[in-house]
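Below you will find the structure I want to go over with you.
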């Protein structure tokens, strides 16, 4: 049973394609189609319940005006005039809020590079300032959740409380060590190291791609702060690896590999030397 | 003193060359005595050659120095281990970068001490000790025929002497008496451990079963967070999910390990599909799911029907739920039926509603059995 | 009073005599120190397992001094800040204390876990050596069975140990174990309920696993290992064929001194490698996993490597559920086949293999000489097939990690595993079989025609040919003796010797050694005019 007409065909096409491993190069080349599909899905679903606001009535702030200029050159092809979406190309951005733009553009997932199981992180096309202007524009167009100001969104968070929230809600996909994990049919949950507070906050708020939404109604801003504190200060900190090299925090898989590649190999070489003719 | 070596090698076999050796004879070297002793065990030292000529060659001296150096390194790393063990800051401290090296430093110094010891010993044995080739005879196949017969006859005789054949009553009585004793040994182990799995119908009930009040009415169990706070529908955004626990004492602990449930707020189109499929059912249901959803909210057991892991990797666009243990995938919009992987049964669906105060409650316990399958699941 | 003179030099002899008068140990001691052991690197693999087991016992004893096997709920208040104030079991809290609040506790924990992995890996590698060289044949079938059992008992030791800290990962493993027990027809629920004392997880499983892990299973391991070693001692070690080596003797070094020294050194090397692993690489960081809660799970939830093949078989198993429509209806869930039936078959096949092979070959002789894998193509191919099967399952046990790190679809990985499990073992059987035959043929060819010299000559009729150095003096075809056939000129002494050192060649004159690696020829061929052989 697939979702309605809007996504059915595309979904099926994606399924057929995504079972093949792709090289990085190919992945990049194909990027445009991929995010497009994701956005068709996301946006398509959004439109149905998004507040039917026509944003043109209110005048835009200066930052939003800058954002609109950027939007009209880089995003309009897929997301359409006034970000209302284009059937089969890109979803409407009405009501997704600045948080979503911050996340998608700030991590380089947008503009989309290639069609794939899901949009991947790339070097961002727009700088921080431009990202904020775009976010402001989308925000003023249709409202929606927004990331708080500032780059430090975790100081003062309760790490232990954040850890409990993380293990209950996040670790199932992103793994205990924050290394990420595989989802069905080529989709994946990305690793959480080397990311910023804003990105994590934006992801929780907007539920990008297949990630569930953790709105402020579910995880209060304080709880989000706790989780980010746990991710940044505990998972991102090498102090959490007091036992030596962490083997990618991939658990018993790499430990098992290491015991053969390092341990048994070293010991077999020793045995060769011991029994060798001197 | 003259020893007559019998050539007995301990296995009752005679070695081919019994010989005499005088252990006090100063004309025989100690090595010859060793050789003679080896011969007693059927061992012939055919090649025994010092690696270095007597007098000490350059190589020998170099080898000796190498081995000595390695022993010194053993001491060095051993000392380093002890010193680090005592002086290095070791207690975990947020942000302390020194303590993080405690365990690696201990492991590396200890490992190097052991390894240098290993190589010192091995080099000593390999390079400084004479090379040797010895040949020992095997004596496979056990004792010769005569010995076998002797033992066999003795055993048979002993059995005969017991006379069970002549006095069958003895055998029967002994068997009858000993059987219960054998049970005595096993009974406490089995009896103490055994536990009825169906006491309190525990395989088929969870923490979500409505609670019987003293006045005869029943109270529905609320959906709560892990800290016990109840949940309003507005607490989960569309495209969001939340792990919920029965709002009863210890509801979020492992006492109710079969109760964790995933509450999902579907997007309206998906919810419509899910509702339609709910009405249709899975085809195996012995109950109707028609009113299990509340609005766009749907709740499924988080405990996988395959092996009991929390199936909780919810993909909000494809509405698939993936279990990270064995990759079973369930389609949330189609009664959480398994669509991929080893799971063979839909996730049980929790019928939900909202109570007078606006909090989500379970309308009843799960209608299907929660958790991994077993033989007598109806 | 005049001091009695003590002749110091006579003391050892006197003491020895006193001991002997009372205990009578001289003769057995002599036979032990005179025992001859053959020398080959592949005979040292079992020792890796033995020595890592000793490390396991030592480190494990240390851990028991601090571990509290209890599921009683406590609130953590130790050094590790990110978990402070979290409710958890006493078992998990004491494991955290072992890692953070016991000086040197973490290195002990890590050494214990690494040596467990080394122990199981060494058992497998040792078993492969025994299998591929035919060392399990009569009279050693019993020791083969004990060895196979050691793997499964070690497996249980590992799994119970993995479960003890009661972290979220081990709890997940325990839950799967309970599901496996539940799946057994008829008795599943009763078995699970009896082991967990009620519903999963109950409140006693950790104490039960603890006593199994620190007493029952180690006692069984010690007993099995003792018998295993005693049998090796009694039956004497197998050896490779070679000059002077027959089915009725052992050629090698005496137990004392060189063999003992090598063993002592190797023990230190094993301990050293384990300590280095434990220092350099973090293993099982339970503090990141948090306490076990029934609703908590992580992506990439895997067991330790030696259990991973069962995880893999479970992942690959199609969702085939058997419904039995009698009465209320009964179910055999799909998890039953890959986790109960498959290991059962594996235990049966592996332990019975020596008897199966002996029966097929109608072989009732005693074998003390090993076989080169190439000389027994069927067995080698069967072994390769088994290894392939095991590897496909093990890789499938980590297929989500592979999918994630190499950008492969997870579903594709599962299908690749399912198809691979059916296709690859027979394919590799065939490949191994052909390789064995090819190697055999080349050996026979060299024995018949001699070693390739690399010298090309032109015959008067214009034909080119390579000159071969025959191995026998009279151009006769030599008998294959079951051992390495020299294939290079310097192996014959015809070229400058290249005695290989460990890392670089050590230039030394060739000796007349009694060692493997030499042709089964009587006299080394003299330096003659190299002649054609056609």
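Per-chain numbering from 1; labels A, B and C assigned in written order.
The rule is simple: a residue touches a chain if its C-beta (ideal position, glycine included) is under 8 Å from a C-beta of that chain, and two chains touch if they have at least 3 such contacts.
Here the structure is a predicted model, which is why all the values come from computation and not from measurement.
**Student:** State the pair with the higher C-beta contact count; candidates are A-C and A-B.
**Tutor:** Pair with the higher count of C-beta contacts: A-C.
**Student:** With centres defined from CA atoms, tell me which chain sits nearest the overall protein centre.
**Tutor:** Centroid comparison flags B as closest.
**Student:** Please indicate which chain is farthest from subunit C, where distance is taken between mean Cα coordinates of the chains.
**Tutor:** Following the centroid criterion, the farthest chain would be A.
**Student:** Hey, how far is the Cα centre of subunit B from the one of subunit C, in Å?
**Tutor:** The computed centroid separation for subunit B versus subunit C comes out at 17 Å.
**Student:** Let me have the rounded angstrom distance from the C-alpha centre of subunit A over to the C-alpha centre of subunit C, please.
**Tutor:** 43
**Student:** Using the average of all C-alpha atoms in each chain as its centre, how far is it in Å between subunit A and subunit B?
**Tutor:** 36
**Student:** Find every residue in subunit B that makes contact with two or more other chains and list them.
**Tutor:** Each of 92-94, 102-104, 107, 118, 122, 126, 226, 243, 310, 312-313, 324, 327, 329, 340 in subunit B touches at least two other chains.
**Student:** Among the residues of subunit C, which ones contact at least 2 other chains?
**Tutor:** If we look for residues of subunit C contacting two or more partner chains, we find 81-82, 100, 106, 110, 262, 265-266, 269, 273-274, 277-280, 293, 295-301, 400, 410-411.
**Student:** Using the touch rule from the top of the page, what residues of subunit A touch 2 or more other chains?
**Tutor:** If we look for residues of subunit A contacting two or more partner chains, we find 159, 164, 168, 172-173, 181, 183-184, 189, 233, 241-244, 270, 273-274.
**Student:** Can you list the residues on subunit A that touch subunit B in the complex?
**Tutor:** 1, 3-4, 11, 38, 41-42, 45-46, 48-49, 159, 164, 168-169, 172-173, 181, 183-184, 187, 189, 207, 209-215, 217-218, 233, 237-239, 241-244, 270, 273-274, 278
**Student:** Given the complex with subunit A, which residues does subunit B contribute to the contact?
**Tutor:** 51, 92-97, 99-100, 102-104, 107, 118, 122, 126-127, 131, 226, 234-243, 264, 267-270, 273, 277, 310, 312-320, 322, 324, 327, 329, 331, 333-334, 340
**Student:** Would you tell me which residues of subunit C are touching subunit B in their complex?
**Tutor:** 27-28, 30-31, 34-36, 73, 79-82, 100-101, 103-104, 106-107, 110-111, 139, 172, 175-176, 178-180, 182-190, 192-195, 197-201, 235-236, 244, 247-254, 257-258, 261-262, 264-269, 271-280, 292-301, 311, 314-321, 328-335, 338, 366, 368, 399-400, 410-411, 414, 514
**Student:** Name, in rising order, each residue of subunit C that touches subunit A in their complex.
**Tutor:** Answer in residue numbers: 39-45, 48, 81-86, 99-100, 106, 110, 114, 117-118, 121-122, 125, 168-169, 262, 265-266, 269-270, 273-274, 277-285, 287-290, 293, 295-306, 308, 394, 397-398, 400-401, 403-412, 415, 499, 502, 513, 515.
**Student:** For the complex, which residues does subunit A have touching subunit C?
**Tutor:** Against subunit C, the touching part of subunit A is residues 18-22, 27, 117, 159-160, 163-164, 167-168, 171-177, 179-186, 188-189, 230, 233-235, 240-247, 249-260, 262-264, 266-268, 270-277.
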